[in-house]
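Order as written gives the chain letters A, B, C and D; numbering starts at 1 within each chain.
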Amino acid sequence: MSWTLALEAGLAALVLGVAVWTLSVRQTFAAVVAFVVYGLALTLVWVRLSALDVALTEAAIGSGLTGVLLLGAAARLRATEADAVAERPGAGVRAAAAALAALVALALAAAVLYLPEPAHTLAPAAMAELPATGMRNAVTGVLMAYRAADTLLEKVVVLISLIGVWSLAQDKLWGGRPGLLHHADPDGALAFLARRLPPVGIVAGIYIAWLGADQPGGAFPGGTIIAAMWLLAMMAGVTDAPPISRRWLRLVLVAGPAVFLAVGFSGFFTAGAFLAYPVAYAKALIVVIEVGMVLTIAATLGLLMAGPPERSDKP
Amino acid sequence: MSLVLDVFSIAAICAGAFFFLAGTAGLLRFPDALTRLHALTKADNLGLGLVVLGLLPRAGGVLPALKLIAIWLLVLLASAIVSQLIGRAARRESRLQ
Amino acid sequence: MTGFLLAAAGFVLAMVALGLVRILRGPGNADRLMAAQLMGTGGIATLLLLGAATDVPATRDAALTLALLAIFATVAFVKGIPAADDPDRTQESE
Amino acid sequence: MTSVTLFGLLGALLVGLGLFGLLVHPHPLRKILSFNLLGGGVFLLFGVVARRGAGAGLGGDPVPQALVITGLVVAFAATALAVVLLLRLFQESGSATLRTDAPAGKDAGGAADH
């Protein structure tokens, strides 16, 4: 047992050190690189906490996509860093902020130390009802059945944030292609990677999404991996981002929530409540929803990364 | 038989761990970006490769073992290309200074 | 054997964590990325070792995800360098 | 000390650190970064509660774990929106300041608060 505790203490020290470094370093770029490492280390923490589903999602989103997003922004905003230094708050404000942060941390630490014994848990309840969903992974069961409304609304939230991103385009570019045009050497190393990795990556993404029914995995990490592969091809200039006015693109974006809603409303007739599944078809319906979700998550996250339209569709 | 396999696993994983040690030492001690990159690729290719090799007998089947090898091959492909890109970026940075 | 695998996982993690000093020292951004890259590979190795030690096969899928996504930071960095800074770009673009 | 307590205290500390960074860093991108750091701490606290709820053959309570997965995706979407708002502010005004006397500062203040 002591081996594992030593390992966990080292891991916790690593996470803490990287977090302090992210905050204290002057250069934004170095801070973002440290943040990527923070995500990687947290993935290991999730494995130690027996939350494999979360570890997969953290590996894909927490360190992968968020890191790319912030690195790109740091590169584009490099010129503004010097001005910001002059705006640093005075010692009084810093001390007050430190006191507030310490107070919050202490309160949370006390809450952790005085968590009720025995711990409240919904694990037995979740497991008892799991056979009715046809799933064997309890987390997927929670996401797709007991808290299906949550997951549905989350899809909508992500879609709304994409609409928010698009609406920041200049008026004359509305409907155009997202992001800057990436010029790349067609024979270069990056283009080679962008041709070889996505076929493998897309298969891996579908595999992880498919696993979700029985083992850790699911639509979130699977869809994120596919989005990342699309992003790689876009960044390498192997493919171009589609103009956001395309009808097929809009259809893919609403496919996930639409299928989810359709199944949800059909629940009124087949099982007597919104988002209730008839037991005999529960697994089939959940798989249908998940297929739609993987498509929509991949498209939405990929387009969120690509940003608002910056080039007119007209040549 | 299982003793032989255990010894094989331990030997391969120790060798892999050594290459991670070597990679870190090189990354910290070597004088410029390109030599540090050279040290890094040893950890990527040999370090992970030997760890995977050592874990193969313990994978519990042919398919899990193939998955381990696939992970290593993916890292090989990605790290080979990423090293190229980092090397080019390092050269660019040194020109700018 | 479990103890050995855990120790190996801890050792690899300690090594790559030590390598992170490069993020602190730099000097170039390329050096910082190398440390992140090493952490990615070391994280994959640690996951695989931990998974074997605790007999949780699903850690392999987490390692697979990391293997596919760990390189993205570097790609974003290389693409993020503006064209004006980039003497190679003239030879590279069509 | 058990691993649950260890990671719980880590989560509490990360929330404090993230909050401090969010308050004192003047650059909006650093505020977004700090907010993500804070988010990691909050998710970790959920993970600790989940781990304590292990039972019925599961390594943790699946309900908080599912909440964290949802949270990670939503946090990413909010971060993407905040970053794009910030880039647009920079494009419009040529600076990324949040000073209230700057003409476009107010909008990005909303972005960093996401």
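The criterion applied here is as follows: a contact is a pair of C-beta atoms (placed from the backbone, for glycine too) under 8 Å apart; a residue touches a chain by one contact, two chains touch by 3 or more.
Bear in mind the structure is a predicted one, so any value in this text is a computation, not a measurement.
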Pair joined by the larger number of C-beta contacts - A-B, A-C: A-C
Identity of the chain that, by mean CA position, is farthest from subunit C: D
For subunit A paired with subunit B, centre-to-centre distance based on mean C-alpha positions, whole Å: 27
Whole-Å gap between the CA centroids of subunit B and subunit D: 32
Inter-centroid spacing, subunit C versus subunit A (mean Cα positions, whole Å): 19
Chain centre separation (subunit A, subunit D; CA means) in Å: 13
Residues within subunit B bordering two or more other chains: 70, 74, 78, 81, 85
Contacts with 2+ other chains: residues of subunit D: none
Subunit A, residues touching no fewer than two other chains: 4, 48, 50, 65, 74, 76, 190, 193, 197, 200
Which pairs of chains touch, using the document's own definition: A-B, A-C, A-D, B-C
Residue ranges of subunit A in contact with subunit D within the complex: 4-5, 8-9, 12, 15-16, 19-20, 22-23, 28, 31-32, 35, 38-39, 42, 45-46, 48-51, 53-54, 57-58, 61-62, 65-66, 69-70, 73-74, 76-77, 80-81, 83-85, 87-89, 93-94, 97-98, 100-102, 104-106, 108-109, 111-113, 115, 119-124, 126-128, 138-139, 141-143, 146-147, 150-151, 154, 157-158, 161-162, 164-165, 168, 218, 220, 297, 301, 304-305, 307-308
Contact footprint of subunit A on subunit B as seen in their complex: 70, 74, 77-78, 81, 84-85
Subunit C residues within the subunit A interface of the complex: 3, 6-7, 9-10, 13-14, 17, 20, 23-24, 26, 29, 32-33, 35-36, 39-40, 43, 46-47, 50-51, 56-59, 61-62, 64-66, 68-73, 75-82, 89, 92-94
In the complex, subunit D residues that touch subunit A: 1-21, 23-27, 29-30, 32-34, 36-37, 40, 43-45, 47-63, 65-70, 72-74, 76-81, 83-88, 90, 95-99
In the complex, subunit C residues that touch subunit B: 1, 4-5, 8, 11-12, 15-16, 18-19, 21-22, 28-31, 33-35, 37-38, 41-42, 44-45, 48-49, 52, 57, 60, 63-64, 67-68, 70-71, 74-75, 77-78, 81, 85-88
